[in-house]
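Below are structures written as structure tokens.
Common to both upcoming complexes is chain A, partnered first by chain B, then by chain C.
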Partner chain A sequence: MSRTPLKRWARPRRDDLEETYPSGRPPFYPFPTVSNVVNAAFCPVAIYHDLLHGTYQDATSSPTWKMKGVGNLFHQYIASLKSSIATGKQDLTGIDRARQDFFYSFSRNYKPERDRDSCWNYYLEPWVYRKFEELRELRREANLLFEITISNAYVDFVSRGKKLTYPLLGICDEIDIDNKKIIDRTIKGKYNDDHPPLMKDYQLWLIWKIINSIPRSKLPDEVKNIDFDEFNLVVETPHKDFNIDKENSTFEELTHEAYAWIHDVAFERKSGYDVFQHKRCTRVNKVECGLQTYCFRRKPTFPESRSEMRRVFKDIYRPLFWDQMWNWHLFKYQLVMIAPSKLESLGLLSKGKKISSSNAKIEIEVPEVQADQLQAYSEVSLRRYTIIPFGNFFFGKRMGATLVERKGNKLVMEIPKKEFRMSEIILILPKSDVTIIESPPWYLSRNLQRSMFSLEFIGTKDPDKARKDSIVQILESLFGPKPLRREGGSSDQ
Partner chain B sequence: MINNIKDNVQRVIDQFDARQQGAVNSILDKWSSSDGEEFVFPIVDGPPGTGKTTVGTAALANYLLENPRGQVVYMCYTNFATAKAQESLYGLGLGLNQVVRLHANPKNVNWNKGLVGCTSDLSNLSYEDKRRLKECNILLCTLHGSGRASEARTARSHIVIDEFSQVSPPMFFHIIRRFRYKQPDGYALLGDPRQLPIISTQLMLRPNIGLFIMRRKPYQPHELVVQHRMHEDICDAVNSLRAALRTYPIKTGEDVKRRNLIEMGYKWAKKKITNKNMLEILDPEHPFVIVDTDQLKGAEKRAFGGSLKNVTEADLAVRIAKEFYDSYKKDSGQHLKPILLSPYSAQVSEISRKLPPELKGHCMTIYRSQGREYPCVIISFVRNNPQALIGFLKEPQLRAQTYVACSRAQGKLVVLYSRSTFIGHGHLDFEHLDSTRSAYNVKVRS
Partner chain C sequence: MVLIQKNHAVVVRKLLEHLVDDFARGTHPLEAGWINSNGPEVDYLFELGLAEKDQRGTRFRLDKVKDIKLTKWDESVDELITVCSDIAKAVKVEQLIAKIVDNFSDSTELQATIFLLGWWRMLETSEFPVYVDEVLQATLSPDKWYIEAPKASLELALSVTKKWWNIDIEKAADSLSPFHLTIPKVQRTDEVEKIKIVLRWKKATELFFKKESEALAFLWFGDFLSVLEGICSEEALAFIQTSIWGYLEKSTGDFKLEIAEQIEKMIDSLSSQQLGLPTISWTEIIRLPW
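Showing the complex of A and B:
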């Protein structure tokens, strides 16, 4: 794969950042996540599927749908176990205790149970065995941060001696401040591996690049004086730990190419041809990739109008992505490019004071006028918001919260039952409604992309079955020559 | 019980005109035509008040009478619209085991109210709950919740989508995809293609599924032309806006032609009102009143969230609402509670804050008001600036807000706007509205 790097990455101008009625092709480039960049670096087809077809999986994820959510359970459990030990709520006396008392109560709502057991047997048990002594020695009040969202509009990368900056957002699995470690965990990997699982080293390196690029003045007070440049990067699999080298010119070059692909896929109608010219594997020469089911699907004979359907859909995928750029990528830019006071005046942020928190509920005091407006937003957002209980938009813990009650200018919100650090000032973001127009949440348009892409492959090769298949027939009538009629009884329309 | 439903449905259908009856008979037609050459796809174009939902629910009940084991998924854009359809079906005599509304909140499960909150894979429901859902004839859900309905449905159900003006082609294909393995027996769309549009930053995504189909294929939908909601003066205003939107005019049913607030059973205590302007505004003989707010000392302001508000216009709207409440009463002692609408959420917050306790909750954005109707509607259009800018109210995508807001009123419509901002500057909808023959114009002073 090779792609000429871009000369610069266009970010929104001031006018765009405060745009109230956005429309058309965005005048700024996307604000990618670490997953987007890893996909683009891995294979251009992966980023094409990611941005335009709204794929669930990443190129580096497991290629099957088996044991869906197990990776998440693995991460959540380790975060919860370590937090509980660090806060003194749990004492780890043996492996059995980690499983019986802690894992089963922690994962009791996880279904199916078979997958839950597999998660323990295949991934957690080897990890707990390996880390048992380390866990026992974990001291009270250990300085651990889990699932921290990090974001910056200007992350430095060097290209042929020249420094270029790109925007990037990622989530860091764990930052162990006492032991100076930034950790990325995965359920992939085997006992006898000599290298970290595919692209995981690159993923962690990107996360470190973001953290390192955030100016100290923008970091929350709690971590302002920490030099993250000194931290070790560790990829943890259930079976092994891998230390990652921070100086890596291959990763630098890979990143420039990845951003060039992201730009081209986002804006160039003809990029599809280039993308498939540079694909990483073929039907007979496959590489390990989470998107194999997307790349190598068969297309049945019926509906016969599939090519017309694809033509129409192709014209829709990119506008759906641009819609996401206006609704979500612009929002990511706004959060790190606009001063918090301006964000407040634009209604994109409300700063609240924590009054109390218990039983997965938090009471937050906000200015009266903001309470009115947040409540008005709740009508369109199913009362759901994003809150940042610790940190800020550059470096902070983000989580979903549901408004359950309003008492004057105090809002009571329901939050996930988790151990996490909480500041006195809580930031509240209306999660889905970032414009004043009541638009559906951005992630729903990814669902639409995914469904349409999936429809491109439905059908049957049996003509009799096709005649009786109402989905095939509705597509034939909308995209093919089959006529439409408004009444079934007679044909005299 | 079946006889009871039969009588109720027959009574409703008997009141329908020929076009409505035609729509009732065809909405639940199977997709395969008798000769197998065509795809049967009923689309009902029903402007405001023409009884789309009534036609839809009557068709559903009628279908169940003929097919007691038949299954239908009825989808609307909002939870409010699904609740309204459910109410209408219960009103026809259908029972809790026949009609269930699905909701996104898994904690919200109440079979006694026909409400089942569930996750998209129904994993929070017991085996018994899932069985009950599968046996239930009609499932109501929002468009975004179609995954739940598809999980809960057995094969071969009908899919009916209400308010298709808010359904984009991608959304429609998303629903089709969801029902891929359930092989629906038929599909139908109900709605008014000119009502609230799809919100998107992309021109390509704005046409709704009805327009998408009608642009691709020669197709004539069922057009409902008689409305049974608005007084004829209000219908005049709505027809002016329909003319601006370049579509056919609707007629007023005889039952509502002269139905002002007095005909709706309210008594007006005229003597209580001393202000001349207020008398003119409140007079039931003027069902459609335009209030020019130019003389008020006030202008629009940007509020928290980027939305706009106009404090003096909000004050006036609240004052008018209070006067309506105080001076109109039914014999039963029930006061008239007007509804206040605005296209701007900041104005809604401003008005809501100022409303007296007895009118709390009677103010909302125009977006939320779609699918609802009220005896008396007061609209505050907010904009007041020397540049005559009216923002999104003139954008092709969002101008339907004016049309939707005006068509919510049954017996009284009061529109507040600054004439110098809205009139004489080529804002087509407002020029048409202003020139409505039945409009009664009032100028208020501060």
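Showing the complex of A and C:
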């Protein structure tokens, strides 16, 4: 893969951040996530699918849909187990206790049960065995942070002695402040591996780059005096830990190329075939990749107008991505480029004071005028918000919350039943990035991309079936020469 | 149709895999797929005229892929057949383009016709995104705009073609007949003049430069042929576009990036003519395929 690095990354200007009416091609470049950059660095076709076809998976994920969600369970269980030990709610006396008393109670709602058992047997058990002594020695009040969202519009990367900055957002699996470790976990990897699973080292390195790029003045008070440059980077698989070198010129170069691909896919029509010329693997010699099913799906013979349909859709995918840029990427820029007071005045943020928290509920006091606004927004958001109970937009824990009650200017919100650190000041975002239910339309345009891309593969190879298939026939009418008319039934209909 | 028995499916798969893999790695389809493979199964395919042999080894004949059918359904072989059929179609398109290019020097009419077809294709596939106030001012309704504007594509393309060639549409059609191509029968509209006013077409036509417009036309002509052949696989489509860029580089003496940049500049100059709020989204009308 070779791509000339861009001279600079265009960010939104002040008026774009605050008042521009979204229209057409955005005047700023995307605000990618770590997954986007890893995909782009892995294979240009992966980022093409990611940005334009709204694919769910990334290149580093398992190429199968089986056991979907097991990785998430693996992460959540470890975070929960370690938090419970650190807060003294759990004593780890043996492996059986970790499994019976804790895992099965923690994952009781996880379906299907077979996958839950597999998660324990294949991934968690070897991890718990390996980490048992470390877990037992985990001291009370250990300084652990889980699933921290980190974001900065200016992350430094060096290219041939020259510094370039890009925006980047990621989620860090764990920061062990006492032991000075930044950890990225994965269910991938085998007993006898000599290297971390593909691209996982790069993923963690990117996360460290974001953390290290955040100015101290922007970090939450709790971590303001910590020098993250001294932290070790560790990729944890169920079977092994890998220490990752922070000085890595290959990763630096890879990043510039990745951003160049992201730019080109986002804006350049000609990138459409460039990416396929630079693809990492072929249909016959496939590499391990979570997007295999998207690259090498079969296209049945019918509808015969498929190539025209594909061309029409190609013109729509990119504007749909621009829609996401206006709605979602711009919001990511706003959160880290506009002062919090201005965000409040723009209605993008409410700042509340924690009154109490217990039993998966939190009571927050907000200014009266904001309480009215938040309640008004609850009509369209199904009462769902994103809150930041710890930290800020640069470095903080983001989670979904549901408004359950309003008492004057006090809001009672339901939050996930998890152990996590909480600050006295809680940030509430009316816009949200957590699930489809609470999302503004950017997520819908991503769904639309995905649905259209699926439609490109619909059909049959059997001409008789095709003639009777209403979807194939309507596609032939919409994109081919077949006249659109009602068929079948009696002649007098 | 040649029926392939189950016991021959393995060797067919092996040969087709090699063909597809070579192609995906950048080998020209007519040079791809050679492998050292012997045995009665290969001989059988050779006897059927499906494989060919020379000092480079054996390979499946690309032109025969469309003629085979398995007696027992095998998903992986069927998938390879689909991909190879697309590659074969792409080769056909490439050869047709080469033949047309060879005839360019003898026929300015042919040059004009390809230009016309390419521009028609580019315009017809655009949604003609314009500011709605402009449409209303031209006494058209927004819904009518989206129905009528694409129907004006041929007339619009013709007006650009006439900037450099004295083209007669009937004779133009004749110049295509040696290549078994025709100018598609398209729906026309009575609203052409109004559509030209909304697009400020006269002024826009002045800003179209010949070299860039020809490049656009040629690339879109490739897109037109790809769709005509029903090519769907990204690899095969990329191959056609790469071939066309190759011709463009050869004919202009410029690199692909330079040509693309010049086209972008031309589009930018169209956009920059608009003062204040842009009323026509030129980047979505005058554009590269893909």
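Structural remarks
Just so we're on the same page, the second predicted complex is superposed on the first by the 473 of 493 C-alpha atoms of A that agree within 3 Å, B and C clash if a C-alpha of one lies under 4 Å from a C-alpha of the other, contacts with A are read in each partner's own complex, and residues count from 1 in each chain.
Methods note: a residue touches a chain if its C-beta (ideal position, glycine included) is under 8 Å from a C-beta of that chain, and two chains touch if they have at least 3 such contacts.
None of these values were measured; they are calculated from a predicted model.
When the shared chain is aligned, no partner comes close enough to touch A:404: not chain B, not chain C. Touch criterion met: A:473 reaches chain B, while chain C stays clear of it. By the touch criterion defined above, A:315 lies against chain B and chain C together after alignment on the C-alpha atoms of chain A.
Of the two partner chains, chain C is the only one touched by A:282; chain B is not.
In the superposed pair of complexes, A:95 makes contact with neither chain B nor chain C.
In the superposition on chain A, A:306 makes contact with chain C only, while chain B stays out of contact range. In the superposition on chain A, contact of A:272 is made with chain C only, not with chain B. In the superposed model, A:360 makes contact with neither chain B nor chain C. In the superposition on chain A, contact is made by A:326 with chain B only, not with chain C. Common to the chain B-facing and chain C-facing surfaces of chain A are residues 24, 315. Those residues of chain C that touch chain A in the shared complex are 17-18, 20-21, 24-26, 75, 78-80, 82-83, 125-127, 223, 226-227, 229-235, 237-238, 241-242, 260, 278, 281, 283-284, 287-290.
The residues of chain A lying in touch with chain C in their complex are 24-25, 269-273, 276-277, 279, 282-285, 296, 298-299, 301, 304, 306-308, 310-312, 314-315, 461. Interface residues of chain A facing chain B in the complex, by the touch rule stated above, are 18, 20-24, 111, 313, 315-316, 319-320, 322-323, 326-327, 344-347, 369-370, 372-373, 376-377, 379, 382, 436-440, 444-445, 447-449, 451-452, 454-455, 458, 467, 469-471, 473-479, 482-489, 491, 493. Interface of chain B with chain A (complex): residues 22, 25-26, 29-43, 104-105, 123, 144, 168-171, 173-174, 176-180, 183-187, 199-205, 213, 216-217, 219-222, 303-307, 344-346, 348-349, 352-353, 365, 367-368, 391-392, 395, 398.
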